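Pasting a structure below so you can have a look.
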Amino acid sequence: MKHHNNPNEFQDLGLGTRTTGRGERMLNQDGSFNVDRRGLKYFEEKGIYHWLISMRWSRFVLLLFSGYVVINFLFAWLYMIAGTNNLDGMTAVTFGGRFMEAFFFSSQTLTTVGYGRLNPAGMWSNIIAAVESLAGLMTLALATGILYGRFSRPSAKILFSHNALISPYKDITALMFRIANQRSNQLIELEASISFSFLNKHDRSHREFRNLVLERSKINFFPTTWTIVHPIDDDSPLRNFKKQSDFLEHEAEVIILLKAFDDTFSQTVYNRSSYRAEEIVFGAKFDIIFGQNDKGIVTVDLHRINEYNEVKLPDYVYEETEKEMAKA
Amino acid sequence: MKHHNNPNEFQDLGLGTRTTGRGERMLNQDGSFNVDRRGLKYFEEKGIYHWLISMRWSRFVLLLFSGYVVINFLFAWLYMIAGTNNLDGMTAVTFGGRFMEAFFFSSQTLTTVGYGRLNPAGMWSNIIAAVESLAGLMTLALATGILYGRFSRPSAKILFSHNALISPYKDITALMFRIANQRSNQLIELEASISFSFLNKHDRSHREFRNLVLERSKINFFPTTWTIVHPIDDDSPLRNFKKQSDFLEHEAEVIILLKAFDDTFSQTVYNRSSYRAEEIVFGAKFDIIFGQNDKGIVTVDLHRINEYNEVKLPDYVYEETEKEMAKA
Amino acid sequence: MKHHNNPNEFQDLGLGTRTTGRGERMLNQDGSFNVDRRGLKYFEEKGIYHWLISMRWSRFVLLLFSGYVVINFLFAWLYMIAGTNNLDGMTAVTFGGRFMEAFFFSSQTLTTVGYGRLNPAGMWSNIIAAVESLAGLMTLALATGILYGRFSRPSAKILFSHNALISPYKDITALMFRIANQRSNQLIELEASISFSFLNKHDRSHREFRNLVLERSKINFFPTTWTIVHPIDDDSPLRNFKKQSDFLEHEAEVIILLKAFDDTFSQTVYNRSSYRAEEIVFGAKFDIIFGQNDKGIVTVDLHRINEYNEVKLPDYVYEETEKEMAKA
Amino acid sequence: MKHHNNPNEFQDLGLGTRTTGRGERMLNQDGSFNVDRRGLKYFEEKGIYHWLISMRWSRFVLLLFSGYVVINFLFAWLYMIAGTNNLDGMTAVTFGGRFMEAFFFSSQTLTTVGYGRLNPAGMWSNIIAAVESLAGLMTLALATGILYGRFSRPSAKILFSHNALISPYKDITALMFRIANQRSNQLIELEASISFSFLNKHDRSHREFRNLVLERSKINFFPTTWTIVHPIDDDSPLRNFKKQSDFLEHEAEVIILLKAFDDTFSQTVYNRSSYRAEEIVFGAKFDIIFGQNDKGIVTVDLHRINEYNEVKLPDYVYEETEKEMAKA
């Protein structure tokens, strides 16, 4: 008596089992999930590094410059407290002018430019400057590290065909979609893992998940395109989805996880995407987008990745499906 | 005649086979093990990098500043030995004043601020300054590298339900616990590997280890929660643990290893934890913590991750277990 | 009724299924593919990081210095606009001389050398200098990060025998080629994955791909050489390629993917290469290139990696193949 | 008719098939192999990064300082050629004195200290200084990157028992050796892969290799020790090695590859070692080195990792082996 490993049983794919409500998609186009996580405080959820590395560039640059101004402002106060006569070379006489000079002296110390017209003469200003230059080096090292981390963060840019198709395949049908590497670098050992999600026929508040078996789930190289194919055979969870409206009615969604080794970054990269019911085209076939250029080299027109022709699906597929349903 | 691969034989999980004594847990909450390693010297055990990267932040900052002071102190002596008349721009006349100026000149050289009011004029002070600025750059590069290494060190923050439950599962029972990603970043291809440890019935100084087979040991995505389920079937090492006191008596501990790919750090991360006998609740079921917000989006209340209800376990499970024991 | 996993069916290896035309090889010696990708704009294809990390060294250095000149030029204009009387210590009187001084002052600020003879005195030049030193630190941190990234980018340098051989192997034949690690560092857990590509017999515009089963596809260590062997048995896609001209006629190509862990870089590295029909030698055997030096240590002469002797292939192999073809 | 995957056939483990001559071990204690690679030039073998990252620390520091002196020497010449009257603030009058000042000015520019007493006044010295400060930043960034790369290079330090033992194991015998993590950091998912190498009985110039099947080849955690066990059953390549002299006569060597995830470095690490015939003890059993301290915590005395007791091996093992040999 085994109670596990039945592939058609309930599968907890880590996506929960609730509906997303009024037809919202589960997986957004940017790879984030449509889930409202509650009960944790902001900084419990966001580690500081996660926060810095994933914020928008405009925010990051703003944060960097504000931090720079604030730190210089604070150190300027410390130099004022230590006494401006301790700062050699100061020329201003008003309080505001002196503060401004202290502020710029601080920025020269923090960035280790140290022109030297202004320089610390007394003990206290020397101590503050010594601490500031060390702290500045450390803080700016963190800032530059994060800047470079943001810049060199590996990511796979994959072009997906806008639609997934239900196409004829051998003597049955198959779910197909087409992908290409948007970047000209090489992705090696590309693996695909596809899940199918739909509302339970009887309890529409319950969402079910199935893995889809692929004709081929891994390729070694990826210089052109790859058509990912799930044959809709008797074991497929899609065997009873016989027309577009079946997908719509069950709020079906095809969820895709791609994994590859990026030859430029020398790192493993992931990419995720999904197709919703509306994006599945029933009875269509992708166009061939390969050609040949003047030099006899194979060309591939990535602009046409989504182009397809409508085709009639084989009748007997439906008959078979109906017979099978009669038996069940 | 095969002598290996019998899953119910003795398994050396690398945890030793001795008891931890008076009810101490083997795996602490911080992921360290309750083992007293002896026979090695401190720095044989701790590589210098390991030591620097894993010490507390307060200690690290203290060490950094003390190192800075010590190095400047040493170089200040060297400048004093080379003669302070070799340092252009010095104004102090007392020994203490001159030493202080040399000290701050050293700090300006080490951090490459180099204001220049003080500057090396003679050959020896020039040589010392040239060496110091290079050594300073190298040392501070190490310091900033370690600082950034500490800061960007990947780690998975996983919320575990406080208790593991023995719940009804199909027509039998199962050991279940619930986890969530504390961070809002994505963990991909999360894998769980669970071991069960208990004192040998006959020789209580001997600790045994078994792997627990899971209903599902890997999920692709982890945006909400995952309930990890070990079905207690006829092959389960838990099949004879029929009440809370059985777990307590054998000082049982469930040891968990999680592995995932962190999408932010682009690296593999691990997390470990354990449940002790006291933390296992017999006859309970986790509450559903999914809901729906105003916009129809699924919500998950991570605050309630440990909430469960007591439930009655099916009678026939016990009967079956008893029959089986009678046979054995 | 299964529709997948038949290893001799059509295999989409991500390489497309078109011919490369007039005998061009698919996989170039530098690991790039002979494909003309169209329909994307230049910077859609090239991420900026990919572009910077994979350009030629000469270009990278040129870009670095031009960028440096351009940035200093721009900041020099800003200092001119702010007024050169705001730059303390300027000695030039002509416009050109002042611009040149502003230019060099900018370079001293950007690199944080900050000699200080020239230094900002007014508010505006101070603000520009404060911004420039921060921006300079950030920009140069990116530049140095990319420089180091280029320098430390892991790559496996593998020596391949110039030819792949069809050699006698047990009572049949096998496709063999020999590789060695060009570097003296260790490659660990080296894995090989080999594909065979040829034009379809009936439709010569269609290219087919097969995986080749290896006698051994993984080795733990790689200190000397490894002869990779595909036995041409009844299941081999090469079983009907009985003479050199068969390979030529079908524009056959053997495509190789190697994967290993580099012990020096502590990272996974990949290497790819291919043998075309002309590079396959029919009826030959690699020479033994092992010897022994004065101290009794095994020697391996990597210079001779491609040396082979012609040998007669067993007759009955052909007979068998013919019989089989008669049956089909 | 299959020609592959017979585990007892010839196995090319990438180690060649020649003897190492007069009893030299194949795998040295430092993880390097006893092979004399010939036919490649020095820098074909050694990539520059490999060379810099794996040289001894003393050499690296020496190289760093020599490079610093050489670069400053070269730039000093350039400043001399540009004319020392272009360097503001120079005080020396002799050629040697001026050269020395130019040398130190160069070092101040290269490290971006830039005190400023000496500073470039003419166009040419300004251009040289601008180039030097940029080149200096880049070069020192490489140097510091390599320095940090050397420092933070992950490596597993594993304690191996000095001897491998042939011990009683159930009703047969087994080859056993014991390992521990020398560092106090955690190694996760430790995997062992063991090969056995010996001279061919009939052709002593030919070395054979076999994989050894382990009782358990992977552990999740490694806080104490792990005894790696190869049961010598009827399929074991060690089944005919019945006494110490059999190992010696065939120059046997047990070659070990360990792989783990280092929790501190967040990276995969490898370790390799070997046992030669002399290091295999026939008829012995490892002592238990676990204890308990005052607080009831398990202790493990890593100092005693190699301690073993001689034990008699079961007689019938030999009888069985003899019967089997009679049959063969």
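Order of writing sets the labels: A, B, C and D. Residues in every chain begin at 1.
What we mean here is this: a residue touches a chain if its C-beta (ideal position, glycine included) is under 8 Å from a C-beta of that chain, and two chains touch if they have at least 3 such contacts.
Computed from a predicted model, the values in this text were never measured in an experiment.
Where subunit A touches subunit C, the two copies mostly use different residue numbers: shared numbers make up under half of all numbers in play. When chain centres are set by their Cα atoms, the one at the greatest distance from subunit B is C. Two chain pairs, B-C and B-D, are weighed by contacting C-beta pairs, with B-D ahead. With centres set at the average Cα position, the gap from subunit B to subunit D is 26 Å. As a whole-number value, the distance joining the C-alpha centres of subunit B and subunit C reads 37 Å.
Counting partner chains per residue, subunit D has residues 108, 112-116 touching two or more of them.
On the side of subunit B, the complex with subunit C involves touching residues 112, 114-116.
If you check the complex, the residues on subunit A that touch subunit C are 64-65, 68, 72, 91, 100, 104, 107-108, 111-117, 140, 143-144, 147-148, 151-152, 157, 169-170, 172, 174, 182-186, 188-190, 213-216, 219-227, 231, 233-234, 261, 263-264, 266, 290, 292-293, 295-304.
Residues 1-4, 11-22, 24, 31-40, 44-47, 49-50, 53-54, 88, 108-109, 112-116, 118-121, 123, 126, 129-130, 133-134, 136-138, 141-142, 145-146, 149, 153-154, 193, 195, 255, 257, 259, 267-270, 272 of subunit C are the ones touching subunit A in the complex.
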